[in-house]
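Sharing a structure here in structure tokens format.
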Amino acid sequence: MTTQVIVLNGGSSSGKSGIVRCLQEVLPEPWLAFGVDSLIEAMPGAGTGIEFAADGGVSVGEEFMTLEAAWATGIAAMVHAGARVIVDDVFLGGAATQERWRKVLDGLDVLWVGVRCEAAVAAGREIVRGDRVRGMAERQAEPVHRGVDYDLEVDTTHTEALECARAIARSVINGRWSAVSGSR
Amino acid sequence: MTTQVIVLNGGSSSGKSGIVRCLQEVLPEPWLAFGVDSLIEAMPGAGTGIEFAADGGVSVGEEFMTLEAAWATGIAAMVHAGARVIVDDVFLGGAATQERWRKVLDGLDVLWVGVRCEAAVAAGREIVRGDRVRGMAERQAEPVHRGVDYDLEVDTTHTEALECARAIARSVINGRWSAVSGSR
Amino acid sequence: MTTQVIVLNGGSSSGKSGIVRCLQEVLPEPWLAFGVDSLIEAMPGAGTGIEFAADGGVSVGEEFMTLEAAWATGIAAMVHAGARVIVDDVFLGGAATQERWRKVLDGLDVLWVGVRCEAAVAAGREIVRGDRVRGMAERQAEPVHRGVDYDLEVDTTHTEALECARAIARSVINGRWSAVSGSR
Amino acid sequence: MTTQVIVLNGGSSSGKSGIVRCLQEVLPEPWLAFGVDSLIEAMPGAGTGIEFAADGGVSVGEEFMTLEAAWATGIAAMVHAGARVIVDDVFLGGAATQERWRKVLDGLDVLWVGVRCEAAVAAGREIVRGDRVRGMAERQAEPVHRGVDYDLEVDTTHTEALECARAIARSVINGRWSAVSGSR
């Protein structure tokens, strides 16, 4: 089997989008990249039914969940129609979020990738970016991985995005099982 | 019937994205917005299989068409899954492009909107934006509308984006037929 | 005498930065462009000593005024050192703001340009942009021009940015007096 | 004496602007930040008299040098007028570029900071950014430091931007001499 979807999960400022850009560069075929950021950008204003508290807390309401579910269905349909897709998401619900993606992506070959970054380092990078509500990085660093199963995990704390992307690309090219055995 | 998809077609710098932002603002329900720009952004680098010549010419190859077709299928699936979607596109192939969208959106209630802008004015706005290859606006202004059927046409040459959006929103709220009768 | 500085004054969303980009394009010599937006960008975070209220009100404190004064002095020095500079500003203090600029730019040949836009139209364009606090455009449209003397005024309500820029460029090329006589 | 200007010099993608944002955050007083990127942005189009070759080479002509000199004079004037300023630059001419800055900043208390990053790592980050001509990072990594004297050097290869900024801030707060003795 051949990987059709790469799902990256990690907290805010863990380095997902940098890895995505590198993945698109190093993978031999063209992959489309979508993520929670591009979903929010597609929504009216600053996002529908999502609120960013001053302390970095993020809460999503029913309206957001409904649009997100329809969007995820669309992503799955793109893959069924032949596109290779990289999704980067923040599993605010941990295992429950993964379960929702599993259902949507049912029948597709998915590579699940955890993107970790030490909370303190992610918080520092949040300052470097300068365009995020402070506190998100630290708050999300651990909970988003709770109970989530991965084929592969990368950690950007001490590893460059390009190197992480190369590890993921090897798993894609060599198949998911190499990733699993390599990471255990 | 209720409009589920709004498709805006117009040349580069005709004012589509401004209208989209206003539409999202004035429409009572949340609408997701996708377009050829967000598709290109989802592709590796500066787009896969698409080339922007120095004179403003745009040529798309097979790779682009394949990814675009899968993406369009995904958009349709989002709508079938319950999302309202605004698509803004540049029908480089005129009527043929519309025909492709028609097939993909089959069974959905679509409002087709032509966004016109006098070539010279669009060319001026291309300079104002400062982030587009010069010449696209003028080259695309006419051909993208060739043979295309609309429910509604707006012209940004002398009408503000917000006003255009309000006209489109009225058609959405009152139903497609009002638009048709209103514009004929 | 030859114009060394062009100062554009107008409310938020009146179209100043579009005119600036066009001016840089149509003027035969290279002109540097600076403005209140680039000053705020040079400050820490979202600006020092400046507050944007939810209703579109903008209040600037002493810290902002101090940095702004030093910055304006620097702009003047660039011009004395030989650079041609376009400044775009929002004269929150109307005539008093112009007086401060007059002192800073003393000894230089300045073309004062008022950029007007009907409040309702500017408010619509604020929605189109989607990146500004709502209400600024309408609140600033009139007061920023109170008591200010111009060599030339342009109005973007019904005139494209490029056309406005061409009118300004003609004044620069033909000399300030042509502008004055042309506009009176 | 108190540091009035911090000059950061380093190759493209060495991490200067991240350090600048952090410096503005951690320094107790407000500092304005200007750099070669903001200068180019102030120029017409994609910069006047500067060319970016496809292989990452950058060549600057007389027109660029003239505008840059006037701009640097303006920066110095801002500092003389009371603003604290962080400048980030790429010393394409190495020691000769520093000499030009020395003359312009004569009489001011300057902290000279070298921002280093291993060429291969900088090249990787260039891919991560995705908005720079490839090859600049690698080409500039070494030459920009040739013959340049620093009060302090930081290396982003294995150190986070925030940590680098804190080291620089300590030198600013404790005085330049602590930096010199600390780094030797």
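Going in written order, the chains are labelled A, B, C and D, and every chain counts its residues from 1.
We adopt the following convention: a contact is a pair of C-beta atoms (placed from the backbone, for glycine too) under 8 Å apart; a residue touches a chain by one contact, two chains touch by 3 or more.
Note that the coordinates shown come from a computational prediction; the quantities given were computed from them, not determined experimentally.
Judged by shared residue numbers over all numbers used at their interface, chain B and chain C contact each other through mostly the same positions, with over half in common. Taking each chain's centre as the average of its CA atoms, chain B and chain C sit 33 Å apart.
Taking each chain's centre as the average of its CA atoms, chain A and chain B sit 29 Å apart. Taking each chain's centre as the average of its CA atoms, chain A and chain C sit 42 Å apart. Shown for chain B are the residues that touch two or more other chains, namely 25, 45, 130. Chain-to-chain contact here is organised cyclically: the chains close a single ring, every chain touching exactly two others. Each chain pair that touches appears in this list: A-B, A-D, B-C, C-D. By the touch rule above, chain B contacts chain C in their complex via residues 18, 21-22, 25, 121, 124-125, 127-130, 158, 160-163. Those residues of chain D lying in contact with chain C across their complex are 24-25, 30-34, 38-39, 41-45, 48-49, 63, 66-67, 69-71, 73-83.
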